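Down below are the structures I want you to see.
In what comes next, chain A is part of two complexes: it sits with chain B in the first one and with chain C in the second one.
Moving on, here comes the complex of A and B:
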């Protein structure tokens, strides 16, 4: 019988970085590297003297050097306006990661609460929740995004927040809300009859007390397993919507809109404008899968062999 | 059925009936339960499986299984009707007035929360207070329950506790609510013999130290008689005989109670006996005595008239045509 010790706690922290397999550890390292780049991207310019790669203003065109292939000056080349693809890909990492995270956290968070509530109340609450889930999930994802942009297109309701970003975040939330609701609800349904939930009721805990203190923690493993996967999915949705011209408007850097900008150049052999942002989408999704399996081992009660 | 005023009783059940609708038709686990619990007293209920012991506790807390409902009678807490409480009042009543200890100590604890978290939650659910006060209470409660090293236990999770430890934690959890009545649903059934006695003694001692009343149910007459001053015998969803421990254990009037005592009597060195006949089916609603098919003292009147209620003194009751003074 073991008792949680500081060593164990440290072990848990290390398990965020070290996966159960070598492949997953590499993927996680890749993810944290990309995350690091995304965080520091705006300040890279100030440290260009120490960097191995040249960095540029992502929004200032260079009319004398359009569609340059990858060189020592422009690692990933330049696009039709002479914008440096490498700088823009890094800046886009920031945009895509942030929007995906906010969208998933918002939709997923609400989905978890609603799912736990539906599992707790059952009856008509559960019925209504499931019907909402079915309606939301019956839309193809891109169509849902299109509909969101059509609905919010001309409404100035987000104040100082960038309109396209706000609608993107809303779309991501709409996609994730039913995913989390379903998952959390199905995991928690058997808990309603669990003895410790009955005991909590007997102890005078109210409905929200039970949902918050007992239901949500018991879905923790499932939520954490779902989180990286849905983030990866969200990045694809953001890129997909931007590719068809919704969300992040050019010239602001975003992977999807950059692929779009280079799509017509590929046939002329100018592959680098599209390929590098595309590769970053693939890498980010791939690196996130390094967290997918066994997330529950991060949070399970201590003292097990895992 | 008696339904008089709650003459100082904490809890009064009169004629409580429960019906559960299942796929194979309705089941009637409680068919008119009468019971009073007075402040600070310990009451035990004994009966075989399916006699309605657990359902009695559930109806006191209004925690019905799916499809179940209280279809008759009344449950009174002091002079308030528990059946008329709204959601908020019910939440305040559970825990602060009546707390419960479950049969399976490990599954009554949330597997993902530490012992401390669970006791603190129960403590804070019933009063306005800070985490610090609640943690202090948790530590003291565990020390009262004879944990040598409360700080270690507080940081443990349920799977790191033995059955006896988990049940003592459950007792602490019930005490944390600060109730005037504690319901115990076969709290020692899952424990081995020596642990049973220890847990029972601690339970009794802590309940008395806090001036709470205890309603203890078990199929084990020995466990009940160790703790309870007054004992009720349940059969087919009714309390067929109720009285002080001394009388129930030495001179019960109901034929079922007598048969139960004979089954328990191990002094003769013979093989333990069983009561002949089949246990009653709770899909039926019994108009007449449910025990009469197995009863050695069956009379003609048993097949014709409903059961009479004999009041025996202040704390005694018998549901039998034989009456208190036979044999």
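Moving on, here comes the complex of A and C:
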């Protein structure tokens, strides 16, 4: 039985929280704080006596207090229905983080496998994989999402899963699949001829065994570097699609649909309904960049946003 | 060339499958209060009863003739509508790139030359901000801050009503757009010799262009920075200095010239990308481009519209990608081997 020394274990844990620079450490702390809020959001109501901020039911309107500016009772104000924006922003954190995570994990996971497979097989498999990447990446991301919603518009194939959420997750996966495929493939391509691969082959390990046990672990660093960036990007896509009314139906809390709800109010000077959810998008994306040492981002062509 | 064709065909196929897999959207155009017989008749008319392969063949042959189908709501051919709306999008994207060239490229050059300077920090800050902020939210924020933040007078008087309506759309209400020549309103107004109108249309362009530029410019900044810093530290620049050439000459003749291909490449890609990537900004600023058109189609379950826009945007992107490759190939002798 192998036991990792406690020292080393502690060091590994700490490296998740402490970044190479102070700025990155702060961003990571911010992210974990938001993650914590997202996780505990549904139970905050039970502990309201201990909380410094007032918390409400995110779906119960208060007809006597619509469009209230930020006050001590409603930190972020209320919207046209009298729903508390602060509570809803917190609940939306939960929704957006979860959907982004599932979408990226699904598309990214498949992308990694496909990328490793393409790098191992080369030849026509590689060719086909690259063409698929090119086709998928020639669609502007939001239009791809739009097309997905057009495709699944009236098909009720997700059973108990919320239709809009399922299509959102699928859209996110479609965007992430080529990103991961391309990255993993380019890292692993030089390894095809490596000695340990030859050795594994001689030892009788099958193709999937080599891909799984030898290729994927070698791309781990790249995959982990890509992960926070793609999650940040996914959050923006989810919010963007919800902003044009696709995905999460109001009154369910989601940042993009909340901004949409506030868009008609902002031209009357009632800024808080839109501004706070948007600020949370910025904060979450910004905090996620604290995990990536690479300064480049995915927004734009080739990488691929809105 | 073959690859280009294959990619385009695949794009079309995916688009087609997507829109035809949705079942009959006839209720959307006819309403629910019609008899089965009428539905059946319309389905027959629109060729929806043919086998899917036949439908696809019809679609592709029509597509090659520039026919993208007919909007089920407005009954106007999609291709006509797109031809009308594409110039609006193109104009917005042109100005977006122009704005990016004003801020991202100079800052990138400066940051490449002096990586620790104040301007480099400013550029990095703007890039960091630009990628974190959702474009549609930034646009809303601009509209609010510039037009609806009511200036407050002391208490008995309270907030003033906002004085100017924000410049939404391509021209203000009651303003006649210039006669169509290129479809770009600013250019058309200049051709017509109407400088007031040109200024008016430019005024309507600024906010969407700045918004899009802030969110799509960061990659340009970063690529410029890395290209310049790479060029500066390369041996040919050292050699140029050792000939005794002045700083300015070396900067223009060697550094900028060698750093330009990746930057121009990315600028072209950004253009192609933004044609379909500016959807949300178009919606926020009521810009009547193809993005708003697609969203309109989506709202009405008018899938030929959505598919038409998606296809056009993807095709523009792929063709631009191809052209950029060709130019790169022609310009850079190292790629030819």
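By our rule, the second predicted complex is superposed on the first by the 288 of 306 C-alpha atoms of A that agree within 3 Å, B and C clash if a C-alpha of one lies under 4 Å from a C-alpha of the other, contacts with A are read in each partner's own complex, and residues count from 1 in each chain.
The criterion applied here is as follows: a contact is a pair of C-beta atoms (placed from the backbone, for glycine too) under 8 Å apart; a residue touches a chain by one contact, two chains touch by 3 or more.
Being a predicted model, the structure only gives us computed values, none of them experimental.
In the superposition on chain A, contact of A:59 is made with neither chain B nor chain C. By the document's definition of touching, neither partner reaches A:40: not chain B, not chain C. After overlaying the two complexes on the shared chain, residue contacts for A:274 are found with chain C alone; chain B is out of touch. In the superposed pair of complexes, A:161 makes contact with neither chain B nor chain C. Once the two complexes are laid over each other on the shared chain, residue contacts for A:198 go to chain B alone; chain C is not touched.
Partner contacting the larger number of chain A residues, of chain B and chain C: C. When the two structures are aligned on the shared chain, A:51 is found in touch with neither chain B nor chain C.
Common to the chain B-facing and chain C-facing surfaces of chain A are residues 300-303.
Chain contact summary for the complex, chain A toward chain B: residues 1-4, 193-196, 198-206, 209, 213-214, 217-218, 220, 300-303. Looking at the complex, you find that chain B touches chain A at residues 61, 63, 66, 91-96, 98-100, 102, 104, 107-113, 117, 121-122, 125-126, 152, 155-157, 159-160, 170, 173-174, 176-177, 183.
Put simply, chain A touches chain C in their complex at residues 131, 134-135, 138-144, 146-155, 232, 236, 239-240, 243-246, 256, 259, 262-263, 266-269, 271, 274-275, 278, 281-282, 285-286, 289, 295-297, 299-303, 305-306. Of all residues in chain C, those touching chain A in their complex are 3, 6-7, 10-11, 14-15, 17-19, 21-23, 25, 124, 128, 130-137, 140-141, 143-144, 147-150, 159, 162, 166, 215-216, 218-219, 222, 266, 269-270, 272-273, 275-281, 283-284, 294-295, 298-299, 301, 303, 306-307, 309-310, 313-314, 317-318, 321.
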